[in-house]
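One chain, chain A, appears in both complexes that follow, with chain B as partner in the first and chain C in the second.
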Partner chain A sequence: MKFVGCIAILAALAGTALATEIPQADRRSGYSFMGPDSRAMQDDDTSNPGMLWVLDGETLWKRKAGTAGKACGDCHSDARVSMKGVAARYPTFDKALGKPVDLEGRINLCRSNHQQAPPLAYESRELLALTAYVAQQSRGMPIEVGNDPDLAPFVAKGHELFTRRQGQLNLACANCHDDNWDRKLAGAPITQGQPTGYPLYRLEWQSLGSLQRRLRACITGIRAQAYEYGSPELVELEAYLMSRARGMKLETPAVRP
Partner chain B sequence: MPSALINVPSKAKRGDVIEIKTLMSHIMETGYRHTASGEVVPRDIITSFTCRFNGAEIFRADLYPAIAANPFLTFFTTVTESGKFEFEWVGDKGFSETASASITVE
Partner chain C sequence: MARPVLIALLATAAFAACGPAGAEGLLPYTVAGDAVPDSLTGTKGDATRGRALIVERSSTCILCHSGPFPEQAFQGDLAPNLSGSGSRWSEGQLRLRLVDASHFDPATIMPSYYRIDGLTRVGNAWRDKPILSAEQIEDIVAYLVTLRD
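And then the complex of A and B:
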């Protein structure tokens, strides 16, 4: 009896631990929360403004940079082949650095290590363009983040951050995006916060923006102090969100309101 | 590095009404915003868009500060012969970009 009781308690504990997590079958991209006009905008590559950055990224991919005089394409040749599926695996654990690196971070590491070029600023046109071009090669492929045991502690930290109440409004990300994603906030749908289309074109921004920009905007929204671009906290949050969305298809460059 | 996205059908039947879609990369800075230190951010917008078909102007639009960044302009025309559409965007700070697309009319 005791043994059965233990199992019952364990099962109940497991049940509460996962109570707020969205079941796999219910995971929905922000795309499914949008109206038909915004969807049509994303679906047509000649009306999706994100493609402007992808085009720029294609140009930058071939342009030589830094004192090494090398372009991305000189090492990685055709991005359509070499970069296929790469974005679906980021952020990834970098063994040399002993910490997770997101796609923007990887591009800048490549610049400093192999091109001997200065890193590109976060949210600069160049970095967004290169990230969008690389990520677009994985469009339609399922997100694979979350299987690497080296990354697991950082995903756990990201999860901790996701569920920690903070800011003047004392809200955690999970309060909206796990618990209330089927409701509305000021008339707009609360989405699940699945990072399936970054970098993406936000109509509000009138520009492409990174996942970190989106996270910082949300953190400011709960009136907490936003972490700096490239900070470990944001990368951990990215790692958790990508592992939370594993199996979902990448849409880069997505369009969102 | 401004870039344009053009969507013109490559083929059409004589007399068909076709849709032309254009998307131009531009920040469309209104001229009404201020920096943190109070200085006006100078206006930087596209002021004019023109489409010519085989040299003849078929569509023109004037653009103003209320138009969003990366203007997406779409319009319809009737095709009577094969030829080339030429697009031109002109704006502040000497902005001038062109693009073209050909169509075969059967």
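And then the complex of A and C:
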């Protein structure tokens, strides 16, 4: 009995030792941790490899798909107008489904419900291209996720996951991205893990990749079992990360080392 | 290939009989105060192998730590420099630190290298295995005690 009590106290201490959320004024994009070469690559659309996906996305936006024979543009017309600010509000709570949906999930819902087309796989060229094209319409706009009370319980679950230690290395996201973001892991900066640039071009990947791909990489990094693409847990983590980044500007398509 | 696997299986079965619940496959050890005084394997580790292990990425040490490893370009700064650990800590303290750093500070970020219980959602590839083997821990301890300054 005494032993059990002791463990409870230790667990409580470990809980309080975790730092609290990063104050608004101190929030920094991964961009600000990069060297001048990577920054220049992101800043100039003619050298940013992510723009190749954005251009593909623009083509796909206009292409008819599915048995309905409709293109995204047939319903939403000009993305530069209709999609402005949309990515800054995702993941969003879908009332019909009763759960949060991220941007990739929304694109696939449009495919199945309105185009009668099969869903696109996460990390497929098409889904990355369409997501990048839609998100690029919000470039420079502040993230607004976190005000919807319907989304709040899912943000809370994402937060719980963010601070839960897991995997063989027994680390939580917060151990690195809240408590140690000013430090270096094997010589490379640990950033605040802000989701501002996705989908983004990662030099290490030699490709564009989604936020879920990045989350799965960090989860595997701590030697935990990665959640499946599209799983509720990853969408909840995305929702928490976006609400944690409230007020920060979207950068899609960003570049990261 | 077949032989070492068989030996490993037999060893696991043997220790399962006497190890604490939930820690099948780990050699039993005794904590005395803030140390594990006796070698986990009963023999002394090899310091040269220990140094090689510490700088190997898969051991994870220099993701967080730096140390007297001038040839290593990429070292971490999440944790103290390992230089001088052998003068600050006894062999038994270093052993317990590696086996279970949370014994010194329950909130530490340093993983417990010889523990398989009390963990959540360990990935399939790593499940029910400690991060390092008893032999590897003894090699690393043998090296750390030589770091006098």
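In this text, the second predicted complex is superposed on the first by the 238 of 257 C-alpha atoms of A that agree within 3 Å, B and C clash if a C-alpha of one lies under 4 Å from a C-alpha of the other, contacts with A are read in each partner's own complex, and residues count from 1 in each chain.
We adopt the following convention: contacts are C-beta pairs under 8 Å (C-beta built on N, C-alpha and C of every residue); 3 or more make two chains touch, one makes a residue touch a chain.
Please read all numbers here as calculations on a predicted model, not as lab measurements.
Contacts of A:Thr59 after superposition: chain B is touched, whereas chain C is not reached.
In the superposed pair of complexes, A:Ser207 makes contact with chain B only, with no contact to chain C. In the superposition on chain A, A:Gln225 contacts chain C only, with no contact to chain B. Ranking chain B and chain C by residues of chain A touched puts C first.
Of the two partner chains placed around the shared chain by superposition, chain B is the only one that A:Pro49 touches, whereas chain C remains out of contact. In the superposition on chain A, A:Lys95 contacts neither chain B nor chain C. The part of chain C that touches chain A in the complex is made up of residues 57, 60, 62-64, 73-78, 106-107, 109, 111-112, 119-126, 129, 131. Note for the complex: chain A touches chain C at residues 10-11, 13-14, 17-18, 164-171, 175, 179-180, 183-188, 190, 220, 223-226. Across the complex, chain B is touched by residues 44-47, 49, 51-52, 55-56, 59, 203, 206-207 of chain A. Across the complex, chain A is touched by residues 1, 3, 5-7, 21, 23, 25, 27-28, 68-70, 72, 74 of chain B.
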